[in-house]
């Protein structure tokens, strides 16, 4: 199959659909790859790295879109990209169509076969292409939360792990799926006082075993969430509804009652 | 030196001054040992074990006291034992004289050289002979506290480590010396929510490093203790004043304000 | 559905079928709840807590039984309660019918639809309503065993974790299911010398990974159990036969050969 | 002694010399405390909290300075504050005189007895009043470094701990004193690939034991530092020269050779 | 069933088909066992141990083969043993037929029902009879690799875990199945710098959780393996193709480029 | 000072007195270094590495000995080297004179100022130049012991860590100083059943804290050692008498009573 990798054009998107290592794997399995010049520049791969891996580097996105049977991207296609799609061509990228009527209409007009990363499921019902992003998002949520808890940023001036002799911050993670678990791991690693809330008692048991009891686990009820949020310094919302934007699990009512200066990070993944 | 080991006669005292292994060490270093028959029975050593280690077993305490240059015991001498002591003889045991006028007078009359375990210090100022008892007491304090927290025993019906999905009990250990540290280790091992309070920030730092932040540390102020006790399920008092009975660090005022059904264990060592 | 929660009346039963937080969840999902006055008193919830969660509080069990479509309890119905049941009504509680002919006959006469907690299975064949009790029982078994090992209670006078310089107690846990695993976690947390025996090598592998080798694992054969029990200070029997009382895995023959002063705790769950 | 606590007036300084809990301790030991109104507002303590602890709240800094025998502050006195000092009065705060000729001259003119937090040493030669700030600085250095490694902030776009399947960032901490050790703990907690460099092999041994080998330790030589810095994503400079501002241990020459997009955080404490 | 256990005769094979404990289990379940004299001598079980477990000990292999309905062995039958097999008899042992034409022909001629340990699968598709050997092989691979890294054995003279102040060795484990995971556990236990490479991102996630990030995980691509091998001190090949000898995952090309003095251990199991 | 580094000439000695990184440090502090050609070849440093670090490379040992004021070596001087020494010259290396009359006489005739690594003490009474060798020896002792426990090498055929379902080997480490502690760390890392024996109860306490109880600690008495050795698979002798060869702590009597196939490694350091 002829696989094409255009350069991402959405603002603040530094990623690329395929790194040279992935191109090498494709080529080794009998496929061909074409890559737009500069596609990997945002994460440190120049055109020669792609060439060495076996790709042909092309000068424009238009050429890549015109030739490729399969387009591998990161973000949903922008209007200029949708115009380059053609019937029967496969587009493999994040789409998040539920909240984007214009893109949906564009793709239907183009006749492209769109496969959204966020909806691909594996044999166990997992979301293998969403999971790595959930991992990154979960780990970053703690880093970002820590930053906003600084007094200069309007937070309570609380250090996540405290210091010896001083109480650590209370971090509440709602949802212990991939994103939530990664948030828990980082908050626990920073020595915060972490509480994990989930609807699956089985998942809570696994967390109890993994952390040898050092992360508190709470079965998810409205009562439990309300009380935990009211007492927290940092709340991470990590509940995923497959195929949709992440919901705001921390309701407006709860947010009203939280501690002054506390921080809420609600994870949404694309 | 001729070392004598009488059988302990105080109620509920199962220990013995020297086990056969210690007798063997003494004999190997050129000393002689005499042991009252049955001295080690409470902890599973019969007379033959002592004989095999090189001791002479005698039929009565009177014979042991009469012959020995050094008496090695566990508990303070009881009136009947004081009567057997003689001038110049060395008595090596727990004495706890501060609170025991009668015994003090008895020893003075006897002219014995008493060396109290609880006052022997090492080059670093530590109490090497008290420390093992502090370790046992610290570890048992949690076991005993757990038992009294059971509802059938009048406690709050809280399991120290909770179970997944249910909050663990809050254990506050006041004083992180030998006894306190051992209590902390056991409470943490049972997955309780442990807070250690001490006046030495250096000690709190060591605990933070040892437990990788999983035990909360608080610098000891009246405020800190008051608040921690008010919120605790189990309070362990582990503050030692050398040479005296352990003080009641949890004041009456604090105890009044603690949670109904919570348990206080104040460690006193002999 | 109209859900009724009577006060438990069996001796030493402090639990209650639903806590206020659970009532709130039911009400939020469109159900109604009626609760007998004082139902939650044993674990610290007064009638107002239930009212605030949306329940109606009734003065007598008779009223609750008469009105409710679904009765949620903890213990099997006592004779007085069986008399209040009616055909078509659903009773959700522990039943343990296998060993209780009288109750079985009573329920059949009443025409109630009984759903026993201990027989509900999930999609993986697990017992989700028994598991939390197994967790509690497994964790308590170590606490109780530690208590009976004290010399004053007739035990060997061995501290589970020993102290530095002194060997810890040997704990053997037979059966590494939910109860057994929780017993292992607590015994390991108290620094005992723990051996886990199970018929599933896969489970033993998980334990080896979870504890990084610090818990010894033995494949279950008669030889292995016999030898381990003969050398143990504390034996926890944690083998479950679904729907029945826990069997006595440690046979009479084994018990005869165990160490004097050692303790056996056989976990039975309801 | 009459202790006075003025409100801090230097920009971005939210801390206060004494919290109410400390005031309570002073008063309990027979001292008196006067506090400027609003002194604790920056960290959430109102005047009533101080009054409850036993302090008298005064309306202006001038009143506090005029009455107090001992002034307890956080930052070095600003020109307006120096003007309020008087001969014989004790000033207890961070001074950092080495780099501040104007302040030094002001204090000499005022005739105040200045005791600088950063120079107080304990019996072991440690700096007990600097250590807590070093702990905070060390822990925050990783948080700040993580933030600047984000691509949006000009960094390499590397997550400190990576994610499963992707290599974590390399963090090099130069100097394993209080600040460095706290940085190491946080970086290790975030699952980064951490290398600690120190001139004390004894300290490296302690780190190896504390982290069970999971933090790499390197003896400090120019070679070792150069190579480690050249390969690092995040370099923490944590070398302290007592009584002076922290030196720049990572020399200009090294910085030139470090990886593009890598981040250097040099800890300076006051 | 009548189960026969002949003594292994292949060179350097010390194992035996059934230990006395297994014989006891068989007998307890109604089977009978016959064992060749000296069968367990290589691992410390004499004939009496088998007799005590309920077996009949026979003087020659010929007698065992003649009588038994089921032969339980360790290694593939040697020519002399094949001659003793008969039609309808079941042979349960490692066979590894794929690479052994002569044995295959022999078994076909004999008309024996051969069940090869290495091909028995469980309900989850695992290889329960191969797994214990994989565990042993994985654990030993590190021990053997450490030995060959010694300078006297021609290696780089690198200690797997280094010492404080000196960098540890880099160990790369390719394949994180049973053998690979056990190799990882040992290398990590020796404080080496371990990288695990696998094609299953799910498995890498489990390793990240199990080791709290202290083992680096890499998704398996040709690029990733090549780079890791080029930089490694010790490479463990632990990729299993079911039913066949383990493949050489580290290709000749890679081996050419590895560090002088580095060691490669490729695990093959029987 | 002019520092000279000759090539080591004793059989199987691959080390060198100074590595290039150390030369660079000396030169940076104003000293000069001369190195014999090929001195670092055994551990991978060529002459150019030394030149780049600032050393002058000389063709023969004779030139180095003739010019240098301070000779830095690894092993005690061999007869040919002693002949090159001169009065007033400083020789810094391992000497181990106690057991080597010939060398002692040679050094006295030469009039050299010999400073033996193994006798240099630091302010705490430690042996800073012996410690790194003790670390290496302690870590290797386990690796070597594991190797000799293999059946092919005459051992019991026991894997140190066992595998899940099979008991691990028992490792007894006598002496928990630097060498012993490093042996303990490795044996524990390999999941063996480790017992540490030491005469310092303080050291045992530190081990208990460091390993969270997972390493058994025993106070050193003849009884304790005898019993532990009788039951061990691997015994590590790690008792150091400063300035002398390591003693054989495991007496002949004990060795007679140990298990067949068990292995004893007695650490001697130079």
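Worth pointing out:
The chains carry the letters A, B, C, D, E and F, assigned in the order they are written, with residues numbered from 1 in each.
Simple rule for what comes next: a residue touches a chain if its C-beta (ideal position, glycine included) is under 8 Å from a C-beta of that chain, and two chains touch if they have at least 3 such contacts.
Just so we're clear, the structure is a prediction, and the values are computed from it rather than from any experiment.
Chains that touch both subunit E and subunit F: C, D.
Under the contact definition stated at the top, the chains bordering both subunit B and subunit D are A, F. Ranking all chains by how far their C-alpha centres lie from the centre of subunit E, first place goes to D. With rounding to the nearest 5, the Cα superposition of subunit C on subunit F corresponds to a rotation angle of 180 degrees. Centre-to-centre separation between subunit C and subunit D, using Cα means, comes to 51 Å.
Computed centre separation for the pair subunit A/subunit E is 40 angstrom, with centres defined by C-alpha atoms. The mean-CA centres of subunit D and subunit E are about 55 angstrom from one another, to the nearest whole unit. Within subunit E, residues 132, 161, 163-165, 185, 189, 191, 201, 205, 212-213 each touch two or more of the remaining chains.
Per the contact rule defined earlier, chains pair up in contact as A-B, A-C, A-D, A-E, B-C, B-D, B-F, C-E, C-F, D-E, D-F, E-F. On the subunit E side of its complex with subunit D, the touching residues are 161, 163-168, 191, 193, 201, 204-205, 207-208, 212-214, 216-219.
Residues of subunit D touching subunit A in their complex: 12, 14, 42-44, 132, 135-136, 139-140, 143, 146-147, 151-152, 156-157, 159-161, 163-165, 182, 185-186, 188-191. Considering their complex, residues 201-202, 205, 209, 212-213, 221-224 of subunit B touch subunit D. Those residues of subunit F that touch subunit D in the shared complex are 20-22, 24-25, 28, 53, 126, 128, 131-132, 181, 185, 189, 210.
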